[in-house]
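This report concerns only the one structure given below.
Every chain is named by a letter (A, B, C and D) in the order it is written, and numbering of its residues begins at 1.
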């Protein structure tokens, strides 16, 4: 590792983890410096988690509250699984950024503002009657209010940039100061700038000058700096991945492991589109992407691709997934492999497209007409996105079934350092095409998996016709026979149930496999639950964390494991869908902890909920 | 793909399946089925390389009766399923079978998009001006005032003309055939087969149960000559007994009009040029009985075909390994501890 | 009532109920004679239930098994709620009809065939190697095998019909014989024929002649005839209604009660289309119907109609309902009245369109993205279709919410005699438009119902804009505020939960409100469960029947009522969806009795299931 | 309907709402918004009788900014929602706002059907050749080889031309406007308003963020004269500096060609007749830069309007009571027992 050598190690106490939140106008370059801090932290032997928040408008007018863009980085010397409940430091590059983000700054935390932007006009746009720098709004915080705009202009004065371009460097000035305060190495960022602006060296130089100036400012004013604890990362080649990147790579990897063409067919929608964009850039690795005219076509095209032997994958978010259900049911009936990725967002209807939620679990389980069972998986972290994409492909291909993979706006857009996989070392997905023309029957089943046999166009002698009408169990021909429908219903649900046999047994993520209280989660609540349970266990509370990756079917031992706890609490960003599912499976002592604000759980919210349960159970 | 076994040339009968054909006795679909089987044999189609894909409707039962690969999908979505097939395997010969309801009501959007993208396939729309399978409701091609279970007082929706629609969508091959005119129909289907890109063929199909003889105005034996103009590339646009009538250009109206050849002095009869879009739109829009109904290949003007292989990516076209691609972002290495 | 006077009262014992099943080629006029037997029975002071079964092909070739059409009539001297598990008499007008329907004839029952159709050709088409009239196939049945074709030709010989037209009368010949055997009056049928063929008196005469000839044949050969017990029907004007007619009339009535324009917008699909057809014929009563280009458009048009003050209703079956879900979610978010009728059929995908099933309950409850709560109702009989249509409208309009009304292929197509309602005597649905322009806010809520205020285009001063994005609780404007989303989620689900307050308390349909065992059903299982419980109670088994019409929210006392039973059995034509729902609501002792054959439950199947439970619980 | 309060004539400003307009600074949508408000005032629209209905997209935010009734529905479905509005209340003045993605990608089918049914409404399709709201993917109108996040190597789908598509669907009013050409745009919108039936208007709209100046070829100040032909009914089809160029009929090609007026002897310049379908299709299909881009009202030829009031029922048109209708089947009476 290019260890963060030479980084000034400023005086001050050592802290375990730090949360820095950047906020500013959409044009301020907040996302860039946020990810640079992430990179610098990873290089400083920190684990970390990051999360961006974009405005919902494409480009809101400058200075408005709804035009504020933010980026939060949580880094430190232990495994980091959340983005942090509260910020230790808030960087607010204009008044609107201050007013919309101050509630996330912890009491006593540091706030860095660009005093140069606190003009009357900007204050008004942010809804401030008086300057918050003067009216006591910031009492109780450590306030740093240099005129960053002016200082940035000064720092790049030697270069030949115009005023506008010069001012654009102020994000790096702020970053430089942050680097000083948390002892980050500037080198990786400088390298990144040089690479990024290779074609425009003046811009690179200006940003580097601003970075250095901000850093120097910290030194000069003797801003309190902190040492951050370190970890010892496992060896490997690392990159930062967002959930959507890991998912894209997982799908492409799965297709390679199965030796099938990945046909990814989608229609743009927030927050699912980045998956399409990422895969579109992989076409030179053999991936085919298709931007369909709508979600129905996207799903149908994926089904067509699977019919012809490819790995058909489609992706969307809530409203688009609703549109896909009829076609999914076709894939259930035709028993074709298909992966449907749902990057969930807040509903109902258009809802809040840029906000996260887990409210499509029921839709995944039950959203189709008739008895249309399929497999449902969920990913809880960027790394899990990679694994679950491969697991989805394994199930879809091995069992000839559609698989819904649930992600959400939070897991898709958060990122963390990740060891790039060695594809050759991963287990292959061996599913052969049927090529034997002798007495071929498309609905002949593998006795073990109950998967039907898959013969693809191009195979002489295996020509056959399938469709969505009920099929005769024995011949695959159309059948309306009463007893046959019962048999086919049973075999379709039996096939899905049978997947459980190949799912590894569920084990608590933390804590013993039995006890009074288990916190059961799925998807992106993973981080906050994990941290909360960690904290509680550190305080000697007896509580276990169980994380479900397989939502249909469940892991084979799930019943048993959950039954070993007297009480189960299920935190979900919905109104209790998994809790209802567990109850419908016969678990009595299941309580839902629901949050529906478009934001992830805070660790403290879960801790408090657990504590109140433990107390009340002590009575 | 798969190892190719040496195969004798197939006959029409070789494309029949063991399934009993279940259309109503006398349905026009039978004749179309026969024509398609004949064409498959004549063009030397290979069973294993051919896929028939359909939506839902009487017409969409078609794939069950052709011994190739077949997929009877869901209502209106056959073009989308076909698109996926061609994405995964552009070498397949894909035939889409749809109806006026399947293709133009619920499925109109997919028809638009497969036509404009110009995927390499044949699209056969069986137009019987009704929803046969669901028992005879009026459809988007039903003429105004059609009485049906859902329009007992007569329909009030203006119909859409499939050929005009296809041309408006940017189709590069638009043709019309008639179920009972097997000779022309097989020629049209062969032309569609040989056209590179999406070939759209509307086939007037008699639903004897719900819409018997609705096309009689130009398809009844006694009406064909006077009310149908069977266009052929490079041939004059004439019709009528002894080809006594023809289409001429009406300069004042900037459009077509019919003329008695011989008697009409202005009668500069037009010659059919299937590559001419303006002519095709004018032919498609001719309304019977005011005009003869134009059948045959109205438009055939190949354009850029959607090729899945074509690269939409930003790369230079050279293949990369997936692991290289993953490493192409900003990555760093952590060395293991010395042991 | 035109009492069945003068009907020959043949000798023989009196039976309580009789089941006659007619079967023949699609062209044989089976449906007509089936409904005539129904009519004649109603006129003979019988209660009754009927059910038609059509082939799935539009017009299958003559003589084939898949071209067989059937009609079953169950009539007698007590309330009739089913179509009968078994037939007492089977009329099979050709060999294919015999082979496909014989399994429904009870052992010892009567089979009437037209010997004239048992040609070698027809036997072969039906798959018979030898004639079933001779090879012992019919041993154990009472067989009547006249050459009906020939006898019919003879009976109409005097009339000027050609052979083909003459032969077409053979259905009425068979009907005449049935009338003889069960003492039905021919007059209503003769009247009906004269009215039906008013323009073609020869045809009327021929059919009447055939009817009389069949009747006379019975007399002549001294066929055993039976007296059927009678009921005393309540006074009123009666008609036969199918479920879909009652539903159509219920919707039209509801609109009239609410003084709103009914805009019914649909896309054809089996078995939902008859609802569209029936309403299309009511346009002169003020109903507007719209055949949309697809189900999505149909739903959206209904929503548009409601936005402008109408009562928007849409309808479909499984695959079409799947397509409607995204738009339903818009109606949830915009809080607009909307009724979605789902005439369920067997799935998944295209499934078996002509067969019945109840497998879309989960889709109704959970099929949308996000938290999209709405009300769900179900109708269990033709009469209930009328009531539930009005109830759906009441809820939709009073609460400004979409309501899903579940019907199915069985309830839609079965029919029974029904007293035509007096609309003026029904309670009105009073929901006023908001017209007061002063401080109008579209999301101001009625404190009682939580319904938002409804101002419709055309109202000056109340112009407003709504949509599917999350709305501010106070102003109705777009809002992405975290706490607001929680509040709106809560108010949307609270509104639906609050409907319970206006639902009448649930009472057992039969049996005491507490005990060991309750059979809980919904929708079209009503009839078989009701009869089974009736039979069991007659044999002194302690079992109650509880029928759910409200599936979301449940009746306010449902929890309490169900909790008063130690054990609940839920027969469903799905794999246990209501059972799962009850369990997810916290009921432990719920068992599912699942049937997935595309056919309704038989009374005996439920009886047996109950008996086996009672026995095992006796141990 | 509701009691009508006496109202003064409204101004454009009266149609503004209290909502902050949230398009990107410089977006072409602002100019269109202004034009629409102006037109509403000029034609004397009543706020309470007007409904704006849209799908999803930047363009579809439009209703929030017009102080009439408004419904921001779901992606692609505005025409269907509008249809329901007109079924329930045919007297409303309904404006549909859609985008090239909303109206031609996911919503293409509804556009087809509202056009062929010919419901009485205005349909404004803001064409910016991109999906603005979802951050700049290529759309069905994007020219070949458009680079975008979903087509980093350039798109390979042939685009659809909105006006040609509308004509193929059977639209009876098809026009084009440009966001920056307010004078023409307001005239076009007024013509659309006054047209009986569905009036389709494509508006070239500049998305400065994802597709800046994509229409510059014919909308940039310096290009308007040479590369745009602003058609007007009854006026010659001329363009260029000093109207030096014009469209003439090319008999050999049965189509249009451009000619230098004066120098070209054959130059029988055509006169615009908006009722001529053949001319409209040819104008719609003219591709810039080979041809000038035609803007203005290309086609205006009223046809039968879908009238909900029109009766699809089998009745004779006389109203029946519902109870009579229920009794019209076979019914019988059971008398109560004598008491």
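Everything below uses one rule, namely that contacts are C-beta pairs under 8 Å (C-beta built on N, C-alpha and C of every residue); 3 or more make two chains touch, one makes a residue touch a chain.
This one's a predicted model, so the numbers in the text were calculated from it and none came from an experiment.
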Original post:
More contacting C-beta pairs: A-D or A-B?
Top reply: A-B
**OP:** Report the chain whose mean Cα position is at the greatest distance from that of chain B.
**Re:** A
Subject >> Length of the line joining the C-alpha centres of chain A and chain C, rounded to whole Å >> reply: 47
Original post:
If you average the Cα atoms of chain A and of chain B to get two centres, how far apart are those centres in Å?
Top reply: 44
Original post:
CA centre of chain B versus CA centre of chain D: separation in Å?
Top reply: 28
Original post:
How many angstrom between the C-alpha centroids of chain D and chain A?
Top reply: 40
**OP:** Give the residues of chain A that touch two or more other chains, as numbers and ranges in rising order.
**Re:** 280-281, 283, 289, 293-294, 296, 319, 326, 330, 334, 349-350, 467-469
Original post:
Going by the touch rule set out above, which residues of chain B reach two or more other chains?
Top reply: 74, 105-106, 108-109, 112-113, 140, 150-153, 157, 311-315
**OP:** Note which residues of chain D are touching chain B in the complex, please.
**Re:** 104-109, 112-113, 116-118, 140, 144, 147, 150-161, 164-170, 249, 251, 253-256, 270, 273, 276-279, 281-282, 285, 303-304, 306-307, 310-315
Original post:
In the complex of these two chains, what residues of chain D are touching chain C?
Top reply: 1-2, 4-5, 7, 17, 19, 46-53, 63-64, 67-74, 77, 79-89, 91-92, 109-110, 112-113, 308, 311-323, 325-327, 329-337
Subject >> Residues of chain C that touch chain A when the two form their complex >> reply: 56, 296, 317-319, 321-323, 325-326, 329-330, 332-334, 344, 346-352, 354-355, 357, 359-360, 362-363, 365-372, 467-470, 480, 482-483, 485-486, 489-490, 492-493, 574-575, 580-581, 583-586, 588, 595-599
Subject >> chain C residues touching chain D - in the complex, by the definition given at the top >> reply: 1-2, 39, 42-43, 188, 192, 233-240, 249, 252-253, 256, 261, 263, 265, 280-286, 288-290, 292-294, 296-310, 312, 326-327, 330, 334, 420-423, 435, 457-469, 477-478
**OP:** Report the residues of chain A in contact with chain D in the complex, numbered from low to high.
**Re:** 57-62, 64, 66, 267-270, 273, 276-277, 280-281, 283, 289, 291, 293-295, 319, 349-350
